């Protein structure tokens, strides 16, 4: 037993503890303490597709529409009820219901067949898509108790999972979790986790330095570097499932012309951007993160090349940028690291190439309001800085909302070629076939048409007390403290 | 003309010097005035001419030079006297320009809110009656709206730029001036010299401008000097939460709000502009304080 | 008297500033105060009286400096006494009362409480109850009406006279051995001043206090002092018995001073005569009422009837005097006349034009011809503007001059009123009251007005200054044919300057007539009361014992029914209680508002002007 | 008595009008300003139709006056509404699409949020104010009594220095120096009274210069009044005159500047300081609410703040008339 760990969190949970009610990243992190999943997916860069056992001990493909999971025995929920197949059935059928707000995470409806108390089969036949789509999702769907699912009110108010920690109470901006005695991997050594919501990054660091906090997340790169050197502290750096993009508003001039978009792409020296972003970013030439299925180092990804920029500008009829309308670059401050800094940098680079560009930095709420296209299809500004994170290796969660003309939430691109390519990879029946289409057709096509440019992949930076050992971090945020010790 | 020459003249020596000149001369005699003015002047000159003296390329982004410390520290190097910021820009130069911008915003907004507030206050206090009631209740309403809410609304609606920021500051700042000016006007209006002015035919407007304003405004103006600092701070706070002047234009607010996250590895980004600001505001305030004291002395006839 | 003096001043000198620039304000002052006697100090304004009286209580502050001399009280040199010991004497053994009672107390604490506070500081053993009782008893003794409730009233609720009495209570409550009274009657009405003088006399007799009584009025000094010290430019020129100094002044300065004392009845020469020029200003039944919030009741307002129907006419080139006690509505009337405020009813016509109908340019040009000099010379000129600018302003407003011409005209006017043009750029801060008043006059004169109202313009000045300015006004009148309306409570001044005089009481004119009628055979008891109260060096035809008023005039909120003077009139008859007497014409242009005929009032006691010897007053007349 | 009654009747009725007007202005401003709370409530992925539906359910698509009247009606019933964002259990961010579906009782009542935060703000304000008083009252008085000399110089230097230190900057530097580098004092958030010290210092630094100035000016004016010196000649000690009379008189302008200026500054200062220090008071609640477009919270805080301001001004004016009976209101 090593007492209580205070986690200075950058975000906090919503008013409902029902995991299917939200798409909020910090809450997924909190749910990581509370809930178990059928499988675990570490999403490592080296092996993005790797799957490990959790509540399921074995899993197999029965046919195109059926997956089978063998469940672990002797697992109990926090309320003392044993975990059985009935809980999996209830959870999957509830979560995949398209009425549930978070159902966007899940491929579609599913029927769960209880083979025996410790065997289940997922069946998608009735809904007409391959069951393989649940392959990764099973690592992210928190397993709820069937009794809770039957009673949504308890679900909202008191989370009840099989995870290493159980929920105690919420006091203001602090949430308390206590170690769960009957955790199937053994009671965690950390007795208590206090989730302290501290919105300001600087405050989190200073609190860590003076010993008020034991663990904090979302560091700025310099904070990370200096904490790295700090005695009594240690740091963690891990690639996330998030990429940072600049979206062009493709349905209004001048970015309705792909040549201008590419001209901008070639004018940006991403090496310098990365130098500013430092530890918080990792170079990647692809519109999805390296921890996502389908990632590849896209050939012909637009590189820094002022000559090409000038050539493209001239070709499009704006030699040296003359005649271009004023371009507004909208970014946020206080949400992602360094957005303002590299915003200034990119503005300067574009100005150097003759783009009449002006930077607007907004506080997050205002920025978010400006972010998406409006009902009329257009959005404010011309270049929008945004990141896209999803809790699954599934690339479609990035590609379809952003580049398919049916959605094109931000850039509003309407390109039949891209649409066709996205539909093609979606319909692929085997993992291999899909990987091939993604890597060789879809992703290079998007890079070439540049409805947006992916600047880099985000790296999550965290720091903790040196006394804290044995923590595992997941690329989309969750933290595994079940094996951790705080001496 | 009949000259009555036997009247003894007062002890007040007749000086053919205007009141203001006398105040200035008296103020100049105090050492703190000299020090403060020298400091202030130096800072002004530096902000004006700094960009010509210091190598202009230092203002350029050069990521390779980021976080260079001031030259008196290990690793510091020319031309970056006070080090560089997170994008490798010269901190001294940026601070000077930033200070100038913030200072302009502060001064302009204080002048405007002073003018607006005092005009309303004097008018309201002088007219009295319903005019007064209505104007003062508007003042109360305006005063009860927190600045931050006002700022987010206005700056959110119309993209932050120097004009909108000044507008927000003025909007939120005038009521205090109006209240103070009104209460002094009420007292002043009772005085006989206002009546005397009416007897010689001065119009209400003239009385407000030529008589009431000059006698009540100087003490309020000295308080306004304190407010320049507060306005710069508000600008900084706006910058802090992202509704301030837009980068790359440097202002005090954007520099320190950008700099605080580097407090641990590059404290100078925060400290340097803060110190420069403290120096300039401190000296300005000292000048104001000494002037105020001198004015009182001159008007009391003690000097 | 062979007793030891209570206080002696030896060789006292006081300078302004230090070093070479120092200016001697008092030099070599030596005198002694005998126990149980009243020492009078007289001198013109600026002669150093206040300075001297302050030095007696060791209250000399920088930039003033005692350069030599001693003030010895019971063997102790007060000037060398450590602050702690001095503090033990102040207020206990030596008390001081200044000229301006209204600013002497904390405005936010009830008067009684402040006196009680002082009493308990001096006698720490006293219980609150006991102290309170003593203060109230003492307030009663100085005849403050309903002292018990006045105890809890604030300074601003006291009139000047009542305040001065409260200050006397404050000074005497500790039974001091010595009281220094600096010009305490100067700001007061004649009636009140007379009351105060009598009060002081009584108290001095009852308590055996010694008094140093400072005044710039010879009349007052001879009324009260046993011995007189004459101060001129910071030096003592003569020290004498009161009787002797009247009869045979030694020093030429004293003689000059005596000669300058204005006479009301004896040796009065060339009283201004009534004119027959056309009427310039005609006032018909003008009234003004103010509403003030009544703190004691909900939503109720009190109606202050400041002016209650006043009518009179002034002819071109004539001087009309308007006299009356403080608060009777003189200033209000002057404000109505100069259209600073509109009257509630009645009409004011200037050259036949009703001023209420004037607007814009017409009003402006009326303003140019019709000027008012306000009462308070300190507040009526702006303090932050140089003198020249102040005087030049009317020229600017009326666009009469600009540039060099402007400066020339201003300088000319300054010279005309006796201000050095050197003062053009000076601030008013260093100016004496007289100089300020001159600035005021210059500002009005620069417009060359045809009618000038002077609201107590000369009351704040000593008689020498007054005389100079009156000469000036005379000159101007002769030269420019100006019409004056003198508002004053100073009878001597009115006697000298006005052809006709109106007497006001509680917002009404109770008597109006030519100069001689008003002074020699006034028909209204109130007029006679005023005349009886005046402090002069001559014998008075109306004796205080016949007329002297007690108490304060009723406040203009609760005006008694019938004759408003009846509450204070010594000759009140039954009719007075119910019927208000109209202003009925007597002889010629004179009129009085009284039910009584001349025959029912006492005969004037001295009626033969100019007989040598008889003009000296008897000491026991009070 | 009658005076007091009439005074309060008149001022409170005016005050109610002011608060109503402020409420309306804020209400309208929030609804005009960009930043759709629905977007924040529902999260980035919400479909336009879901957003419309939620907006209608929240009544956000009605004309503003209609919304305002409804809001007033609720307030009249004592219901200040529930936060758009914060859950009953204390969560703060938006993004839960369920928020729309769940009955409003599941979202925290604004009044409770404020009740929870208020004690912290009061504590911070009191400490900061006290600290500022500790410095400025003695210094201000000393500087006011003597027209020249060291207290006046110290007062001038100190206020010149303090006024030129921006509170954001001072806050950060103090956290860095007193907390992060040295570990002497805790700084972030609130767990015990020690957490108040640094923020209170920052608040005090902002208030002190203005207080020093107002006090010294007010005292100086009254010391020049004749009654101060005459009181000493009357036999009272300088100390007694100063403490019993000068300060009493100086209280009137001080109360006025307190009502008009200090409270405003205190409010503004607290917002920022609480934000920097993550101090769980009203200021932090409000700034977060502003970021999250949590209309009910912002509105209620604004109404609350203006009510406090109105009442303080009434109290100040009443105190002034009680101290100085010459004043009229």
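First chain written, first letter: the chains are A, B, C and D, and each begins at residue 1.
Note that a contact is a pair of C-beta atoms (placed from the backbone, for glycine too) under 8 Å apart; a residue touches a chain by one contact, two chains touch by 3 or more.
Model, not experiment: these values are computed from the prediction.
Comparing chain pairs B-C and A-B, the larger number of C-beta contacts belongs to B-C.
Rounded to whole angstrom, the centroid-to-centroid distance between chain A and chain B, based on C-alpha atoms, equals 47 Å. Centre-to-centre, using mean CA coordinates, chain A is 91 Å away from chain C. For the pair chain B and chain D, the distance between mean C-alpha positions equals 23 Å. Residue positions of chain C touching 2 or more other chains: there are none. Residue positions 34-35, 172, 176, 180, 290-291 of chain D each touch two or more of the other chains. Under the contact definition stated at the top, the residues of chain A that touch 2 or more other chains are 202, 205, 209, 363-364, 366.
Every pair of chains that touch is listed here: A-B, A-D, B-C, B-D, C-D. By the touch rule above, chain D contacts chain B in their complex via residues 14, 17-19, 21-22, 25-26, 29-30, 32-35, 152-153, 156-157, 159-161, 163-169, 172-173, 176, 180, 209-210, 213, 217, 256-257, 260-261, 264-265, 267-268, 271-272, 286-287, 290-291, 298, 301-302, 305-306, 309-310, 313. By the touch rule above, chain B contacts chain D in their complex via residues 32, 137, 140-141, 143-150, 152-153, 156-157, 176, 179-180, 183, 219, 223, 226, 229-230, 232-234, 236-237, 240-241, 252, 256-257, 260, 263-264, 267, 270-271, 274, 277-286, 289-290, 293.
Note for the complex: chain A touches chain D at residues 11-16, 18, 21-24, 26-27, 101-102, 104, 156-157, 170-175, 196-200, 202-203, 205-207, 209-212, 363-366, 368-372, 375, 401.
Taken together, the chain D residues at the contact with chain A in this complex read 34-36, 39-40, 42-45, 48, 85-99, 102, 106-108, 116, 172, 175-176, 179-181, 183, 186-189, 275-278, 280, 288, 290-293.
Of all the residues in chain C, the ones that touch chain D in their complex are 57, 59, 61, 87, 90-92, 95-96, 98, 100, 103-109, 117-118, 121-122, 154, 156, 170-171, 174, 293-300.
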